[in-house]
Amino acid sequence: MKALLLRDLRLAVRAGGGFGLSLAFFLIVTVLVPFAVGPEADTLSRIGPGVLWVGALLATLLSLDRQFALDHEDGALPLIATSPLPLEAVALAKAVAHWLTTGLPLTLAAAPLGILLNLEGASFPWLVLTLALGTPALSVIGTFGAALTVGIKRGGLLLSLLVLPLYVPTLIFGAEAARRGAMGLEVATPLLMLAGITLGALALLPFAAGAVLRINLR
Amino acid sequence: MTLELGKYASEVLSAYGVSLALLVGLSGWSWRRYRRVKAEMERVERGRDG
Amino acid sequence: MSIWEYANPKKFIATTAPVIPWAFGGAILCIVVGLIWGFFLTPDADRFGSTVKIIYLHVPSAMIAINGWIMMLVASLIWLIRRHHVSALAAKAAAPVGMVMTLIALWTGAVWGQPMWGTWWAWDPRLTSFLILFLFYLGYVALWEAIPDPDQAADLTSVLCLVGSVFALLSRYAVYFWNQGLHQGATLSMDSEQHIADVFWVPLVVCIAGFILLFVALVLMRTGTEIRLRRLRALERQAQRAAA
Amino acid sequence: MSLRVEGLSVARGGVPVLDGLSFTVEPGQALVLRGPNGAGKTTLLRVLAGLAPPLAGRVEMPPESAAYASHADGIKATLSVRENLRFWADLYARPWAEGVLDDFDLRSLAHRPAGTLSAGQSRRLGLARLGVIGRPILLLDEPTVSLDAASVARFAGWLRERHLASGGLAVIATHVPLGLDAPEFDLSRFRADPMVAGQGSDAAFL
């Protein structure tokens, strides 16, 4: 599993690996929001956490379908499938690789981008915490979606249609926890739910993704 | 038979109108599709056995 | 003869073909009677004025929307475990029906709440859950259309249905949590019947029966169509192979 | 370490393709699959590799012993030749042996990104993977496509001296004579009768 993870990380950082793309997308989306809703600081700071959460979610979605599609196109997928590594572990390795190359950088980038949206000081730690807890779920759910649509031509659009509804719980609890944290309200419930969904997804979805990969390899 | 619908008459009628239109549309589409495929099936079956 | 006998496509069509017209007729009868009875013969509810009459469309369609998905979930499980083609095709057939029912529930719910909320759409937790359910239906149907091979499509959509169901439940609670802070939901709880005076109750039950019959009729009809389409495809491929 | 197949029937897209296949390949032996395109060579190899379930019959081989190689050989363009091979060695938990670079004449290309290789060179890299992962049972689908005569001879040599000689076995679908004294297996004799529905998933509808 480490071999596949290291290979994917190496591929991502190599030229054309798309490492910086989701970060650039996240920056652009964040910059566009004030153009749309106007520059008033208090509006921006109020909707800031939510905007950053949606931006991170869309940036994650952007880089999902390349995961399995590349291995499918160049014939690596059947070769990996016949290796000692079970497909469930392949799915988990892909999800971890995706999180390290996309989820983690987005979480770290959210703080500086928060400044663009005039976030108050109190909301920064909560924003980063909720993103840190939520982005692994986005990665593993996205990996399941990518496995589901690996064989389909132009599967990228369908992938978004299938995965976005699955993102709703994580988005609601994540953005709500970030918003309440910023306002100093009681945060325990949304935070625990967010963490619970992420852990549940990490534990169960690789098996669903593995089963779906097996079906797509037939 | 009291049919006085009060000031929300247009909303109630529009709700019924759209809903019934959707139901009739769905049923009609399914029914036409059912008949078309059934006819196609019979044509192929006759072709095969004939 | 065990129930699995009906899993044989030809027998399924043979046994359901005569049932469809009766179910369809019964559905139309119940819906017409229920609506007329509810529409004309019941007084307006004090707080809602005449919009309460929408209950006769909203509650049945909402129930079918949810139970339709549950039926698809069970059919997907049957397909994954026992590999019966009929159940996979029945799930495929039921999806558009469930989707339309969700659309009706959304539309009637919005119209019903409009006088009390003052806007057409107030992100009420119940209605938002149906909006999310609609997205799940959309994704499910889109996945069926995207995959040419029927078996692969059946497998993938079944897994999507399983995973989707878990997230649909999660979304339902997330939405209830997310919206409690905004404003109190409609006083008349839309889904529970005990709040309704009995004079509304009987026509509502008739409407619900009508919608259930309609759902059954439509699903049986559409499943028959899917089976025949699948048979046409199999015959055609067999002819191709024989010619090759 | 032998491969035994009994009464195997395989399908492609729900339609039975081959029926009643039975053969055994002993260690040190190779088996060449013959048959027209679409006869089911690739489908059979994928079933033997465990990528797809058979309709009927049994495939007996020790677990984790098969290696599958198809036209597309899963080479990552941005990784170098050595990195590609090291990845396969790590994935299959095999010790890395430099010697494989010489077996497939890749020593001079070791540091070049795989994307810059010619068709023949990247084909040799694909085949070198088989040397790296050390699996006793090789299931090869047209391994010598886009290879020149010298490379074909080198591959046949590697197959004979290094793989078969050390107790490995191979099932190869190819039209090119590899100079192995391997028995040939004509698949067209086992073509599934289209009119007989068999167990394919279409059977339920015919």
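Chains: A, B, C and D, in written order; residue numbering restarts at 1 for each.
Note that a residue touches a chain if its C-beta (ideal position, glycine included) is under 8 Å from a C-beta of that chain, and two chains touch if they have at least 3 such contacts.
Going by UniProt, the chains are A = Heme exporter protein B; B = Heme exporter protein D; C = Heme exporter protein C.
Note that this is a predicted model, so its numbers are computed, not measured.
Of all chains shown, A has the CA centroid lying nearest to the centroid of every protein CA atom.
Counted by C-beta pairs in contact, the busier of A-C and C-D is A-C. Centre-to-centre separation of subunit A (Heme exporter protein B) and subunit C (Heme exporter protein C), using mean CA positions: 31 Å. Chain centres here are Cα averages; for subunit C (Heme exporter protein C) and subunit D they lie 48 Å apart.
Centroids built from CA atoms put subunit D at 37 Å from subunit A (Heme exporter protein B). Note on chain placement: the centre of subunit B (Heme exporter protein D) and the centre of subunit C (Heme exporter protein C) lie 15 Å apart, centres being C-alpha means. Shared contact sites, meaning residues of subunit A (Heme exporter protein B) that touch two or more other chains, fall at 218. None of the residues of subunit B (Heme exporter protein D) touches two or more other chains. Taken residue by residue, subunit C (Heme exporter protein C) touches two or more other chains at 231, 235, whereas all remaining positions touch fewer.
This structure has the following touching chain pairs: A-C, A-D, B-C, C-D. Note for the complex: subunit C (Heme exporter protein C) touches subunit B (Heme exporter protein D) at residues 24, 31, 35, 39-41, 43-44, 49-51, 53-54, 57, 61, 96-97, 100, 103-104, 107-108, 111-112, 114-115, 214, 218, 221-222, 224-225, 228-229, 231-232, 235. Here subunit B (Heme exporter protein D) touches subunit C (Heme exporter protein C) in the complex through residues 1-9, 11-12, 14-16, 18-19, 22-23, 26-27, 30-31, 33-34, 37-38, 40-41, 44, 48, going by the rule given at the top. The residues of subunit A (Heme exporter protein B) lying in touch with subunit D in their complex are 2-4, 6-7, 10-11, 14-17, 71, 73-85, 217-218.
Only residues 8-9, 85, 149-151, 227, 230-231, 233-235, 237-238, 241-242, 244 of subunit C (Heme exporter protein C) touch subunit D when the two sit together in their complex. Contact residues of subunit D toward subunit C (Heme exporter protein C) in the complex are 13-15, 38, 194-195, 197, 201-202, 204-206.
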